[in-house]
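Below you will find the structure I want to go over with you.
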Amino acid sequence: MTTKKGAMTSAMGWSDADHIVVRGYDLPGQLLGHVDFGGMAFLELMGRLPTADEAVVFNACLVTLVEHGMTPSAIAARMTYLGAPESLQGAVAAGLNGLGTVFVGTIEGSARFLQTALAGAPLDADLDLLAAAIVADHRARRAAIAGLGHPVHKPNDPRTARLFAIAGEHGFRGRYVALMERVRVEAERVSGKVLPLNATGAIGALASELGVPWQIARGLGVMARAVGLVGHILEEIRNPIAREIWDRTEAAVNEHSG
Amino acid sequence: MTTKKGAMTSAMGWSDADHIVVRGYDLPGQLLGHVDFGGMAFLELMGRLPTADEAVVFNACLVTLVEHGMTPSAIAARMTYLGAPESLQGAVAAGLNGLGTVFVGTIEGSARFLQTALAGAPLDADLDLLAAAIVADHRARRAAIAGLGHPVHKPNDPRTARLFAIAGEHGFRGRYVALMERVRVEAERVSGKVLPLNATGAIGALASELGVPWQIARGLGVMARAVGLVGHILEEIRNPIAREIWDRTEAAVNEHSG
Amino acid sequence: MTTKKGAMTSAMGWSDADHIVVRGYDLPGQLLGHVDFGGMAFLELMGRLPTADEAVVFNACLVTLVEHGMTPSAIAARMTYLGAPESLQGAVAAGLNGLGTVFVGTIEGSARFLQTALAGAPLDADLDLLAAAIVADHRARRAAIAGLGHPVHKPNDPRTARLFAIAGEHGFRGRYVALMERVRVEAERVSGKVLPLNATGAIGALASELGVPWQIARGLGVMARAVGLVGHILEEIRNPIAREIWDRTEAAVNEHSG
Amino acid sequence: MTTKKGAMTSAMGWSDADHIVVRGYDLPGQLLGHVDFGGMAFLELMGRLPTADEAVVFNACLVTLVEHGMTPSAIAARMTYLGAPESLQGAVAAGLNGLGTVFVGTIEGSARFLQTALAGAPLDADLDLLAAAIVADHRARRAAIAGLGHPVHKPNDPRTARLFAIAGEHGFRGRYVALMERVRVEAERVSGKVLPLNATGAIGALASELGVPWQIARGLGVMARAVGLVGHILEEIRNPIAREIWDRTEAAVNEHSG
């Protein structure tokens, strides 16, 4: 196996005195000034540059995930910066550590069941049957369905309609989107609850349309939130609130604790 | 002070059932489909969307920083993924923790002395005198000058010429770039060494041209490398080398250790 | 619920001008000079100080986990320190991020199935039947059994015999240890493979004997390895090898790539 | 240099089928059951087991640092656990990232100036002169003196008196402690402020007495706080408050933000 005895290889990039090559492209000559940050992110994941249509859909997914306000992840980053202002990277790292199964990581969950269900399914597969199977499987495991439900954006998440519209304009509103929508309908029918198709569910479907493997789909959120957390640290530098959060929390805890 | 008693405020964003607002823009209506990932990163740092010229220069800086091959940061991320494959975000966080004063963080160093030197300096300030003062100050402190020197790219870093050319084409080859170039000339003259103006030095200068405060300049590297590290994890999933790096390291250490 | 509207409380500790109280004890008067680091760790987890017998068994578990040589976690910490030597804490944090389901986290896995199986089981429950059920469940899920198997320490892990002997001397070789041993026997019988009961499996059983909830059992490894990683960073300061690991890895990858 | 071409070596430990050796000791035979967690931490840093007197002083330093209540570091860990409950290690890593120059890292600062001042100083060196020089140097750099001052514990930190008393009983109240006390007196005289010698200052002095290099002194805090953070995560599991902290923070920010 490669991992035991074989030679170690990587296609990420290499350089010598005269060359800097990234994913097969000459960085100064072919990438700088020719590709933007979103296109570069696509190149890192897909090994090629995006088409114009892919770029619009992929960028829309990333832009959706950058900034969600004062999230637990942003609070963790600001708390960390308060103690170690010399380590901006440590504050961002602390914030990223919280992007797990509860927040953001749900992109992986929806991408996973969508890609698993459609893997090797015929083009005329009955999406309603696939959706019913996905919902039934989750109910049997008493598991929440990733990508459905939102505490605030009810009955619909305004980001989802916009993302799917953009996908439609650019030829990426395909079977993964259709299956995700049917999963939502079936889940609402079976549970009797209002279950908005939220932004991470929409992005899980669009990442699948773009060919992003579910195993790395969470990475879209990690990339995007890293950008957002740097923004939070800059605001924390100019308008610090971390100490106030600390003071209020400590006071609230001391008030009621033995 | 805001941090002690005052109200806590943030301008990052907010949402309710019907609205999702990021940095003052309606996310679904004004940002999705209208701004790309690089423009969103600019918005997070500057509080406004970039002009077309700003976008090109800013994106070029980020693209330069995304992928540097098998760096210590990438090795740390892959080692972490080997032990905790369920936590992609933890592997990226581990890799980001290494973006300190030795690697990437040097963006902050060059942006800092450039912005400090030109803060309140008259428009006709003598850049040669400022450069001489910067070099002399570093020599007095026996400190290396951030942004100068490279183990491989000698006598010139091919990224720097390209970045400065792009900046020139878009009206951002101004005093910060000129001062950085003079610092390089003066440092080579005084030290008698070949000191290429490396990519982080160039980006420190361009970030200054764009108005990015030096206090957050390292964040450009953190944002970009987060993208690159997600790329490395995907390659590690498909073509794992972490265990081989571990095996070879352990064998090499055991061979020569008591 | 406490998490939504209720008052926030904590029993970890509090202080004012004259008092510093940790888990109900006066830190200067009742803990400093009276309890050691292992006893303090026990207090943090159990909310009380250990008995003399508990202290011996608990300390033996932690001591076992501190240092495992040049592990992926140690390599990640050294790689991180190479880039950010100003952030010792970031290097340790990077190393800890790798203590997931593959390494160390296996303590949680064995503690979980042991505590789940014996929860509410009568004192005279047939441990062989419980072991058979645990092994059958893992085989049905095609899941490896946490705490069994070791690449080097075959047929037996020398740490396990010693840990169980210490537990026996101090009255903690009870049903969890007995069940873990039976799980090993049954797994070897059914699989026909040699499956040593490894150190993390032994510690999962002893943590259960001590009353450590499986949900936090991985924390024993996190505590202990944090100590070990600080040791690795000190050695890296005095006898650096991170750059050599980087150089060799980059050279090996470049030799066969692109 | 070792780091460029030489062989890679490590004295941390090694193992084969029959042996597990840590810092030169047989782990099962010589360490398990014979040394506690504090002694193991000493071994990792000093390369030998502590004497009985060293063990008492070293353990007292670690015990002091384990638990400080609802600190920013603890809040960051709990926020991270809220998003990624599957990654206990990531929550602890997030908390550790905040142990920088503002909190805990101050151990390094005091150990550094104490060890630097007494390096090669004659046994009869005038400590008042050394203290005056340390204070003058900090004032010239407008730098706060690490280890002095506390927002709550005025005029004296109760941990310091207790730690120094323990050190005295065990033969470790030497020149480093004396110099730290003189630095405090001189700093109060020159500034006219009340500047308690706080716990991290006391520990910086005691770490110096024990021979812990200042470069790793922060590691005592990292080790100890890792233990404390695991304790906080267990309390968060049983009595969660992270969501409430998030809700209150978000509400407070939204109330006053545009």
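Labels for the chains are A, B, C and D, by order of writing; each one numbers its residues from 1.
Keep this in mind: a contact is a pair of C-beta atoms (placed from the backbone, for glycine too) under 8 Å apart; a residue touches a chain by one contact, two chains touch by 3 or more.
Computed from a prediction, not measured in an experiment: that's the story for all the values here.
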item	value
Any chain that touches subunit B and subunit A	C, D
Shared interface numbering between subunit C and subunit A [over half = same, under half = different]	same
Chain pair equivalent in interface to B-D, over half of contacts matched, among A-B, C-D or A-C	A-C
Distance from the mean Cα position of subunit D to that of subunit C, given in whole angstrom	22
For subunit A paired with subunit C, centre-to-centre distance based on mean C-alpha positions, whole Å	31
Centroid spacing, where centroids are CA-atom means, of subunit A and subunit D in whole angstrom	37
Where subunit B touches two or more other chains, by residue	8-11, 14, 69-70, 84, 86-87, 89-90, 93-94, 97-100, 104-105, 241-242, 245, 249, 252-253
Pairwise touch network: line, ring, star, complete, or other	complete
Of all residues in subunit A, those that touch subunit C in their complex	7-11, 14, 21, 24, 84, 86-87, 89-90, 93-94, 97, 249, 252-258
Residues of subunit B defined as touching subunit A within the complex	2-6, 8-20, 22-23, 27-29, 31-33, 35-38, 40-41, 44-45, 55-56, 59-60, 62-64, 66-70, 74, 87-90, 92-94, 96-100, 104-105, 108, 152-154, 158-159, 161-163, 166, 213, 215-216, 218-219, 222-224, 226-228, 230-235, 237, 239-245, 247
Complex contact set, residues of subunit D against subunit A	69-73, 75-77, 79-87, 90-91, 93-95, 97-105, 241-242, 245-246, 248-250, 252-253
